[in-house]
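Look for subunit A in each of the two complexes below; its partner is subunit B in the first and subunit C in the second.
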Partner chain A sequence: MPPRRSVSVRSILAAIAAAAIAATAAVAAGAAELRGTGDLGVVIERAKGRVQIVDTTARTSLGVVDGLGDLSHASVVYSRDGRYAYVFGRDGGLTKVDLLERRIAKRVMQAGNSIGGAVSQNGRIIAAQNYTPGGIKLFDAVTLELLADIPAAPGPDGQPSKVVGLADAPGQRFVASLFDVGEIWIVDASDPRQPGVRRFRDAGRQPYDGLVTPDGRWYLAGLFGEDGLALVDLWNPDRGVRKVLPGYGRGEEKLPVYKMPHLRGWAIAGGYAWLPAIGRHEVLVVDTRDWREVARVPVAGQPVFVIARPDARQVWVNFAFPDNAQVQVIDAESRKVVSTLAPGRAVLHLEFTPRGEEVWISARDDHRVVVVDTASLKTLATLPADSPSGIFFTSRAARMGF
Partner chain B sequence: MIAVRHAVLCVALVAVAAVAPVSRGSGAGPTPAVPVAADADPAPARQRELLELLKQDCGSCHGMRLTGGLGPALTPEALRTKPAESLAATIVYGRTGTAMPPWRRFVSEAEAHWLVARMLNGATDATSP
Partner chain C sequence: MPPRRSVSVRSILAAIAAAAIAATAAVAAGAAELRGTGDLGVVIERAKGRVQIVDTTARTSLGVVDGLGDLSHASVVYSRDGRYAYVFGRDGGLTKVDLLERRIAKRVMQAGNSIGGAVSQNGRIIAAQNYTPGGIKLFDAVTLELLADIPAAPGPDGQPSKVVGLADAPGQRFVASLFDVGEIWIVDASDPRQPGVRRFRDAGRQPYDGLVTPDGRWYLAGLFGEDGLALVDLWNPDRGVRKVLPGYGRGEEKLPVYKMPHLRGWAIAGGYAWLPAIGRHEVLVVDTRDWREVARVPVAGQPVFVIARPDARQVWVNFAFPDNAQVQVIDAESRKVVSTLAPGRAVLHLEFTPRGEEVWISARDDHRVVVVDTASLKTLATLPADSPSGIFFTSRAARMGF
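Up next is the complex of A and B:
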C-alpha cells in the first residue's frame, strides 16, 4: 500500500505542475488577457476551411482558426454571451469556435450537406438547416449533443426537401421554408427533445430564403418559383400564409439568376422592408404596416444582400455574378442610389459594425476585406484574407432572427 | 427493382434531352456569339477562367467542391449515368422550371462540352488544368 500511495501523490503533483504549465501557456498566448467580445467577429476564408477572428475596434485580424471543413457556403450564429461562434459548413460540419481562446471548442458532422442555422431565443439550442438529408436538427448549444432530428417532407424525387430560411422566433420557436415542396414550418422547441411542428402547405413555389423581422412578429419567405413573397404572422399563425407583392415581375420574363439572394432581418428598416427582386435589377420597398409595395429602386444588378445600416438611414446592396464587383448605397429617404463603390472583385458579403459607422466588405477574388466609413465612404483599412466570403460580428448575438 | 429504377432514369434523361432543344428555340436570348470549335480545347488561360467559373459561380448552387447545394452534385459519381450532350445543353440553355440558368452569355457550346468532360473525369481543379 505505501508504495502505491507515494505513486498517487507523485501523479497528483505532476498533474498540478501540468495545469500550472498549461495556465502559463494560456497566459503567454494572450488567452487570459481580460477582454469582452462585443467588437469581435469572424471572416470566413471559404477555400481554406478556416476563419479569421477580427477586432472591429482595432480594424485588425487577431488570428486564424483552421480545420472547419468545406466552407464554400458558410454561415454563423453566436452564443448569447458573444464568446462562441457556431459555424455551419457546406459539408454538414457544425463547429463551435471560441473567439477568446481562438480555437475549436467542439465540432460535429451533423449532415451531408448543410446551408446554415439559428440559435434559439434563450441561447440554449442550435438549429441546423440541411439539404442532405433535408431537414432540421436541434443541438444542445453547450455540448452540441443532438436533441432532435426533424426530417423535411419529401419532394418530387422522394428525398426530404431541402430546408432554407431557418430563423429563430420568440417562444423558443424556429421557422423555416422547404424549397422543394413549397412549405413553411414553425418548430416549437420549448421541449427540444420533443419538438412540435406546424406545417403551412402551399406557401409558395420554391422558397429560397426567409427572415424573421427584428420585432419577432413576421416571417417572410422569398420565392424563386413565382413573383412574390410568403408572409406568416407569428402572433396569429392561425391566419395562415399571405402573399406579399404577388406578381411583382408584371409577367415580364425574368433575367437568369446566377446567385440566390439572401434574406435576414437586416432588410427591415424604418418601417420598410428592402427586398431583392428575383431576376430583376431592382430593390423592392414594402411598407411593413400593410405589406404593400411603395417603391422600386433600380440598381446595378441582381441584388444578393440588401442590408440596412443599423440606423436605417442607408441601405447597402451587393450583386450576383456578373455584376459583383460593385456595391451600391441607397439613401433610405429619397429611395435613390447615391453612391456606387468598387471595393474589389467578387464582393460576396458586407457586415456593419454594431452601430453602423463602418462596414466591412469581402472581395473574394482580390483576397481582401475592406473597411469603409459609411458617412464619408472612405476606405479606412484593408485586411488580407484568402477568398473571403461571409463576415459575422458578435453583435448578431443579441439580434432576433440572426 | 433495378430495372424499374433504370427505366425511370431513362425516362428522366429523355425528358432532359427533350427540354433542351425546346428552350434552344425559344428565343429567350441572343444566340451564342462565340464560334463553336468542336474539337479544339479552349486556350490554357481560358481553361483556367472556365474552371474558376465552375468552382466559384456554378459553385454558388452546386458547392465549391461540386458536392451539391441548392443544385445537385456535379461529381463524377453523380454525373456518371447522364449523357454528356444533355449536360452540356443544360449548361448552355439552363433547365426550365428549375433554378438552373442558361450560361450561354458566358460559356460557348464547345466550352460547355470541355467543362462536362472535365467534370466527368473529376479534373476540375483550376490550379492544375
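Up next is the complex of A and C:
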C-alpha cells in the first residue's frame, strides 16, 4: 500500500528513530532486569544516604539508588514479591526502592525522627515506629498512602512517647513498646484504616527494643530502666505481661553500656534463644520453653547482634566499640566460641544468605562488605561500600518478626 | 537531514512496522515479566503434564507451561533467585521451568523412573533420586549438565536399590534412604564431580521416605518393614543411626495402609514434631529434644500430609481415601482439632503462603485449587486447574530440607 502524500519522509524518519529508541530502551530494561528477586538485597551506605543493590548468587553489587536522606539508623523490610525494599530513614523518610529498575518508586516524609518499621503478615501494610512525634503510622504498601496515625500515649513531659521494638505478628498485627511510658501495645491492623489497639500498662521501665520470635508466638522487650525482660504470649494475650530473666540487664552496679544491643538480631536455635548480655562480655542462652537462662558464653566484647546461622548450628556475634573489629562464631552444641574473625574495622551488621552457606559482613570504617563462607570461614568476595551499615536480603519477605 | 534517494518509502514503512513490532514485543515482554518472584509458585496439573504458574498476591494463575511428561508423582524445588522451578517427573524427566518467561528453559530425561529431588544449600546443584536405575544423580543447576551419577547399592535382586527420602542438608550435603537395602547415605557434594558418600548400613528395614528438620540437624526416615523411625544426627554423624519411636508404624497387627504418609510434609512447631501415624486416624506429637512421643491427636482419617502453618499456631492435615475430601486444623497449643473443612474431592496437597496468612489446597477431582484465609477459614479464591496435585511456592528456595 502506497503512503499517503501527507506523510513526509522527515516525519517517517522521526518515527523510525523514536520507535528504535523505544525498542532499544525496552529491550535494555528487559534484558537488564528480567530476573528473579530471591537472591537480591540492599546494603545501606549510611553517610551517603543511598543503598547498594546486591546479588548474593554472583556476590556482586548491581548498582546504587540515591536520595534516601539520613540513613544513620536505617532499617529495611520487603514487599512480599521481593521487588521493593522499604527503607526507613532516621529523618522520618520512608522510601520504596524498586530493586529491578534500581530507582525510587515512592518516597514520603512521615515523621521528624523515626527508628524503623515492619511489614504486615500479608505484605499489604507498612508500619513505621516514630520518636517525633511519638507513635505508629500505617501505610498502604503499594501507594504509601497514610492509612492510620496512632499517636503514642504521652510521657512524663506531656509529649507522645517514643515507640521502639515494633515487629509484625501473625493475624495482621504489630507489637511495639513505648519507651517513655513503659507500655507494650498490640495493634490489630486487620482493618488498617480503623486499627484496634490493645494496651499493656506497667510492662516495665523504659523498654528500649523488642522482638517477635520466628514462630510468631512471643514478644520480648528489653528494659533499660530495670533488670529483666518483658514477655507477652501472643497466643494468649489475656495472660498479660510477664517478667522473665531477672538477671538480664545492667544489674545493681549499673554497668557502662557502650552501645545498646539489638534484640532484633537475636537467635533461636534448637528451642534456645541466644541473647546479647547488656554491658557484659557474654551471650546468654535461654530455654524458650520456660524462659530460664541455661548458660552464658564468654565472648570478646559487649555483643551487639547475636544471630543464628539459618541452620542453627552456629551463632555469630559482633561487638560494641572498642571490640568492634571482631566477629565471633559460637558452636551451638558445645556453646563455645570456635572462631574469631577480623573482617574489618567497625563491624556494624551481618546478614546470612537465606540458607546460611555464606554471611555478608559490613565493616564501616574499612568501607567494605566482606562475604564469608560459613563452613570454611574463607573470604569469598570483598565489595567496596561507603560506610556500610545494615545489610538486608529479600528472603526477609518470607519471614516473621523481621 | 534529507533522506537518501535509495531509501524507498516502502522500505521505510517496513522498517517502521518492524521497529514498532519489536518495540511492542519488547515492551509487552518487559511489562508482563518485570516483576518480583517472591510471590510466585507452580501448581502441578498431573494428568496434562503441565504446570500452572500462580501469583499468591493477586491469587491468580498467570499461565501454563506444557510438555513436562508424566507428573503423576511430581515434586518441585527452586533456584535460589526464585526464577526457575525444577520439576521432577515420575518418568525421569527433569524440567527447568522459567517462571518469568513462562517456558521450559531446559529439560533432560535423566532416569526411567524417578521420585523427586532436592537442591543444594548454595543452590548450585540439583540432585535427583531414582527408582530405575536406582541411584542419585547430580546436575548443574544452570545447565542441567550431569555432574555425577551415584548408583545405589544392589538389593536382593541384584539391581540397584530404589532411592527415597532425598533431602538437602547444610554443608552442600544430601541425605537419602535406600529402600531395598535398608541404608541411609550422606552425599557430600562440595565437589559435585567427585561426591563423597558415607553409608550407614542396617539403618532399618525398607525406609520409604525421609526428611531433614527445618534447622538442618536431624534426618529421620520412616520404615515400612518394621516399626520405629531411623534417626541420624547430622551434627554428629559418627554417632550413627538411632531407632526412635518404637510405636511408630503398622504395629503387630499390620494395619491396612491406604496411602503411605508423606514425611516430607511434616511439621515442627515449638520444638515438637507432628507426624502422620501410619494406618491410624491419628497425628503423633513428638518432642524433638528427646524424640519421644508426647501426645496423639485423633483425626478424621489416615493422615497424608501434616503441615504446620509457618507461625506454628496451627497444624493442617489431609487424608487418604476415603476421607480425602476433608482437611482438618489442629490447634498446636491445645492439641485438638478445631476445624474441619471440605474444600473439594480428593485433596492431594496444601501449601501455605510464606508467612502463613493463607493456604492453597488442591482438590484433584473437583479440578480446582482453593485459597483459604487461615484466620477466618473463609475461601478467598477458587482457581480452576486440571487434576491439580502438588503446590509449590518460591519461598521454598530459602528453606532447608525441602
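We take it that the second predicted complex is superposed on the first by the 363 of 402 C-alpha atoms of A that agree within 3 Å, B and C clash if a C-alpha of one lies under 4 Å from a C-alpha of the other, contacts with A are read in each partner's own complex, and residues count from 1 in each chain.
Throughout what follows, contacts are C-beta pairs under 8 Å (C-beta built on N, C-alpha and C of every residue); 3 or more make two chains touch, one makes a residue touch a chain.
Note that this is a predicted model, so its numbers are computed, not measured.
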Using the superposition on chain A described above, determine whether A:V285 touches subunit B (first), subunit C (second), both, or neither. neither
Just subunit B (first), just subunit C (second), both, or neither: which does A:R46 touch? first
Which partner chains sit in contact with A:Y208 here, subunit B, subunit C, both or neither? Use first/second/both/neither. first
Taking the superposition as given, does A:V329 touch the first partner, subunit B, the second, subunit C, both, or neither? neither
Is A:V54 in contact with subunit B, with subunit C, with both, or with neither (first, second, both, neither)? neither
If you tally the residues of subunit A touched by each partner, is the higher count for subunit B or for subunit C? C
Go through the superposed model and pick first if A:R90 touches only subunit B, second if only subunit C, both, or neither. first
For A:V77, using the defined touch cut-off, is the partner it touches subunit B, subunit C, both, or neither? Pick first, second, both or neither. neither
Of the two partner chains, subunit B (first) and subunit C (second), which one does A:A111 touch, if any: first, second, both, or neither? neither
Based on the A-chain superposition described above, do subunit B and subunit C contact any of the same residues on subunit A, and if so which? none
Using the touch definition up top, name the residues of subunit A that touch subunit B in the complex. 46-47, 70, 72-73, 90-91, 113, 115, 131-132, 162, 164, 179, 206, 208, 224, 253, 256-260, 321-322, 346, 364-365
Provide the residue numbers of subunit B that touch subunit A in the complex, in ascending order. 28, 56-57, 59-61, 63-65, 67-70, 94, 99, 101-103, 105-106
In their shared complex, at which residues does subunit C touch subunit A? 2-3, 9-10, 12-13, 15-16, 19-20, 22-23, 26-27, 29-30, 33-40, 56-57, 78-84, 99-101, 121-123, 170-172, 215-217, 235, 269-271, 288-289, 310-313, 333, 354-358, 375, 394-395, 397-400
